[in-house]
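Below: a set of structures, written as structure tokens.
You will see chain A twice below: alongside chain B first, and alongside chain C after that.
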Partner chain A sequence: MFEGYSLAELGSIFAMQGFAGLILFSVFVLMALGLAIIFGQMGVINMAHGEFMILGAYVTYLCSNFISSTAPALFPAYFFIAMALAFLASGALGMLVEWAMIRFLYRRPLDTLLATWGLSLILQQIFRSVFGAREVGVVLPDWLMGSVAVTDTIEVPINGLFVMGLTMTITVVIYAVMFRSRWGQGVRAVMQNRVMAGAVGINTEKVDRYTFGLGCGIAGVAGSAFTMVGSTGPTSGQLYIVDTFLVVVFGGAQSLIGTIASAFTISQAQSTMEFFLSGSTAKVLTLLTVVVILMLRPQGLFVLKVRR
Partner chain B sequence: MSSDKINADKLTGGAHSPLRRKLLLGMAALPAIGLLPRGALAQALPTDAVNTTKLAVTDSTVKVGILHSTTGTMAISETGSVQAEKLAIAQINEMGGVLGRKIEVIQEDGASDWPTFAEKARKLLVEDKVAAVFGCWTSASRKAVLPVFEQYNGMLYYPTFYEGLEQSKNVIYTGQEATQQILAGLDWVTKEKGAKTFFLIGSDYIWPRTSNKIARKHIEMHGQKVVGEEYFPLGHTQFNSVINKIKLTKPDVIYASVVGGSNVAFYKQLKAAGIDLNKQTLMTISVTEDEMLGIGGENIAGAYACMKYFQSLKNPNNEKFVAAFKKMWGGESVIGDVTQAGYLGPWLWKLTAEKAKSFDIDKIAAASAGIEFTGAPEGYVRVHENHHLWSKTRVGRARTDGQFDVVFETADLIEPNPFPKGYQ
Partner chain C sequence: MTRTPNSRFFGRLDGDIAGILLLAALLIVVLPLGLDIFRLNMVGKYLTYAFVALGLVLCWGSAGILSLGQGIFFGIGGYCMAMFLKLEASSPEATKIQSTPGIPDFMDWNQLKELPWFWEPFHSLTFATVAVVAVPALLAFIVGLAMFKRRVGGVYFAIITQAFAAILTILIVGQQGYTGGINGITDLRTLKGWDIRTDEAKLVLYFVNAALLIGCILLCLYVRRSKLGRILVALRDKEDRVRFSGYDVANFKIFVFCFAAALSAVGGAMFTLQVGFMSPSFVGIVPSIEMVIYCAVGGRLSLLGAVYGTLLVNWAKTMLSESFPELWLFAMGALFIGVVMVFPNGLAGLYQQFIAPRLGRLRPRSGSGAGAPIIPPHTAAD
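For the complex of A and B:
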């Protein structure tokens, strides 16, 4: 497929392809971080993760409409406000769901799976009733559109760079919260030994609620960011859920580093294969590889030592 | 659930509205039978005579079904079709109904689930004994209900453009089959843009694959070249790699049949990657005004869509249709190709019943060929013997406001050819 191209042309295509892989990596990490916290740290299989993302996307949509009609001067910056609101909205809903539903099901993982799947259907129908069955168009500020021309032939999409930056920021913040703060210590303590953590005075119920809220809040931010690259409709969340679980399970459910490593592996494999093969074949090969690796290493790429 | 009687006043806003006058004027071309007093007509055509197969027909009413998804993934697409069919039925009732009988609608929800479609179709035909069903959207749902319609001898009016390779006594296809949508558009882009190379990209299921097969044959028959053909799973949201491939192969035309949420991702990422659709020719067979809502006009402006109908078509029929549609469903609503095809269903059925002077399914099926509808928003249409419509092919150019400028239409109606020789 490369005959008839100069080296310079091929060089720039490969550079752009490298960026495409990195952007896909950022998207995967952003999708999976929230779930990695909920699934990895709490063991809750949250099938409604995609719907929490779409809630964030709808918040962004409302925010864009509201700001363009009331304060058009703020429009270029509205995306940051929207992301903050998306975090709060999805986080608050997450805490509500934890309080009303999840906390009764901690010892019954399969029931959580069914309950959250039901929740995802309920949320989808609520979105459909409130916002209509059709997809909504989120208008983006001009500076987020288009691409940066690095050289004459290499162009990198700005929204891709934005997602990369956002992912890095959130990852660093999560790392700081989980591994450098007292609260994060509490979360890890509860995960490693719930009874003992309770015995030393950690309010485990509260930790659970905030952890679940944090995971959902990050899902909201991800959903908000994905209005730049994807669609916003009642069932759009379903588009992400499979890839999200794939990344988390492949990485080793209890390890944030594993999530990142697995997102990197899957995204690079998929984006490279998509370039050389066709889209569907690339997906099949990626999934096959993951299945084979999980057969050899059922615990995922990385695993923490946990007392059971 | 939901026996839904259409309120005709909602449409016309009372007897003196200018719209009603326009409607009546517009319908003057139709057989005057519709304007006769209802009682007289029902007496002239007694129920025993127009209904020999125990359909749900009384002296004053006739029941029909609407079978679309109003919940689930497909609700996005099917909502417009439901609205158009209800509008057509309300207008027909306003004119006195069909053979002197008012249409009553029983609406069922297929819930985006193909077995549910089959089950609801059976319910409409066996329990409700409806005289006709307007419905289905995806090919999968049509394939699911087809055996039901053939077994219980029902009549389905199917609105979506589709891949062809099907023909049934029990179905009238009011959308385009693949060759009607594809060939004229490719010829136009070849002539207009001097296109030599094409990159085909689509979602991975039967319709894009069949359509691209036809497109590829046509392209290669004319000595042009397909430089890439790619399919992505439904719901795929990351197109950066394939966009790089497009940049590498530099096709004259990107030929797109990506559907659903993937559509939105594809156009947003094309734009973000710096591909300017005003410079790079892109032709799509899967974006109508409905999809534009989600994609956003600013992301797709400049692309060409190949359809048979655009909301911006300028003709008296369409102006009346758009006004009536907005009056019934709100000024914000948009009308895409399939919505218009949905609107044709009830009208074609009415005209057929009047020609056959009967509601019997066999007589409707036999009388369908040759039915002409002069009031169609897309312009004059005629039913072919193969139960598809003769219709024009048009090319529209996407604008930032979510509408299309019609830049080309075929001079003549294109003959439907669901089993194209040399293209399979």
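For the complex of A and C:
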């Protein structure tokens, strides 16, 4: 598959595809972080995670329309406002869902899977009724347009750079919240031993609700970022959900580092192969490899030792 | 189950057998008399999904293994049958306008010059029929062996089967020249010279399908009442205790997964025969998880409930999609949430809770018609 390319061309191809893979990686990481927190901490399979992401994307879309029509001066910065709103909207919906549905289903992971799948169908139909079946896209502010030429043959789009920077920032923030804050300590305590955490005075129900909200809120931010690299339709979220679950499982459900490493591996493999093979073959090969590795190593790449 | 293991299978006219007779009367006498051939063919199509639901009752209800990839097996069964029918429809005389006569039309469109090797054996009906059951069972065996021997179960199993459904769909859609792509294998005409598109053929196929379904229900009932069926329930409820008692848990799980796969594949093959095409839209993630809801609505523990659930959900889907298409996804979503949170034992559970006690008052012996005892949802799920 490499014949017909010179070495320099191959280098450029790998660099460009690698960068395209990094954008996919950003979407994967942002989705998977929320999913990993929810799955790792509460054992809840949230099949509606993609729809929480799409909610964030639609909020961003609305926000861009609103600001460009009412306050064009703010337009260059609309994305940051949209991101905050997306986080709040998805997070609030997440907490509502946790209160109405998920809290009755703890310890029954398969049932959460089915129930959240039902929720995802309902959300999809709501999106379709409200925003229409056609995909929508946002207008990017000028400073995000265009690309940076690194060498003669390698060009890097600015919006991609921005999304990556955003992903890294969010990852660091999540890490700090989970591992450096008092609240994160409570979350991890509940994850490791729910009964004991309750006994020392942590309100485990409240921790659950906020954790679920946080996971969904991150999905909303992921949706915000998603609008910069692709257009949004009612079923866009469903396309990513299985891939993202594989990312989480492949990385080891309770390890943030593992999630990031596996998102990187999967997105890079897929994007690099896509150039040389057809898109569908690349995807089949990637998924198949991941599934086979998971069969050989069911616990995933990185495992956090937890007493059960 | 309240029966002792050595009670004879057809020993007496008990509740389950009475229920099956009632279903048989409904499918074979009432529906053909009451519906025109178009609607009857539609019921026949629904009933092919009931094979999948039966498999799920054993796999998920009895043994606690939730597979979200039953569409894979339904699809493979359907494709095996479709490949045979397509080859018969693509005789050199019928396809002489193609640049390569004698190969299926979609291969010609994709510039294939000869039949791929794996299509060759499907000239034989015997091979195709065996392949309908054998290929999915073999695939299920490999997947089951790899996963259950390593004690992968529960959620991980569900997600990995879902990934397989995604992989197979992408593969079928991507390899257009070999599989017909997104359109699937269409324009199927005859089975050994017998035109399957006529109304008489559809009627005959309906009866064949109904009879096969009744046969499969009896087979499932036999499995459930055997000692094996009891071990399945035991390993669902307390897997470790079964393992400590000296049973190789993985083997039982592999068996029931393969059995469910084979059942789904039979349904897929009958689907192809009755509907006249097969496409990747019956393989992927969405159809696979929809098949779970058929089983869940009927009651994941009840064989007969699964059949009624399948009929009811599909009937509702057709009715709603015809008149209020936007309501269907709401209804579907509400069903998923409802069966999990409100009535985990589905229709069969409602029957046992509300109707069976009243029937019991009318008759001296209580009718345990729809199947199995209600178990608390948390044991059913883990």
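Keep in mind that, in the parts below, the second predicted complex is superposed on the first by the 294 of 308 C-alpha atoms of A that agree within 3 Å, B and C clash if a C-alpha of one lies under 4 Å from a C-alpha of the other, contacts with A are read in each partner's own complex, and residues count from 1 in each chain.
The criterion applied here is as follows: a residue touches a chain if its C-beta (ideal position, glycine included) is under 8 Å from a C-beta of that chain, and two chains touch if they have at least 3 such contacts.
Keep in mind that this is a model prediction, so the values were computed, not measured.
Contacts of A:S224 after superposition on the shared chain: neither chain B nor chain C is touched.
Of the two partner chains placed around the shared chain by superposition, chain C is the only one that A:W117 touches, whereas chain B remains out of contact.
Contact with neither chain B nor chain C is seen for A:S64 once the two complexes are overlaid on the shared chain. In the superposed model, A:R128 lies in contact with both chain B and chain C. Judged by the touch definition given at the top, the superposed model places A:S280 against both chain B and chain C. By the touch criterion stated above, A:T244 is placed in contact with neither chain B nor chain C. If you count the residues of chain A touched by chain B and by chain C, you find the higher number for B. In the superposition on chain A, A:R108 makes contact with chain C only, not with chain B.
Touch criterion not met for A:S90: it reaches neither chain B nor chain C. In the superposition on chain A, chain A positions 125, 128, 238, 278-280, 283 are in contact with chain B in one complex as well as with chain C in the other.
Remark: chain A residues 1, 5, 9, 13, 16-17, 19-21, 23-24, 27, 125, 128, 132-139, 145-147, 149, 155, 157-160, 226, 228-236, 238-240, 270-272, 274-275, 278-280, 283 touch chain B in the complex.
Within the complex, the chain C residues that touch chain A are 66, 68, 146-147, 150-152, 154-156, 158-160, 162-164, 166-167, 170-171, 173-175, 285-286, 289, 292-293, 296, 326, 329-330, 332-341, 344, 377-378, 381-382. Here chain B touches chain A in the complex through residues 70-73, 75-76, 79, 204, 229-233, 235-238, 240-245, 247-248, 260-265, 268-269, 271-274, 290, 293-298, going by the rule given at the top. Within the complex formed with chain C, the chain A residues making contact are 43, 45, 101, 104-105, 107-111, 113-115, 117-122, 124-125, 128-129, 238, 242, 245-246, 249, 278-281, 283-284, 287-288, 290-291, 294-295, 298.
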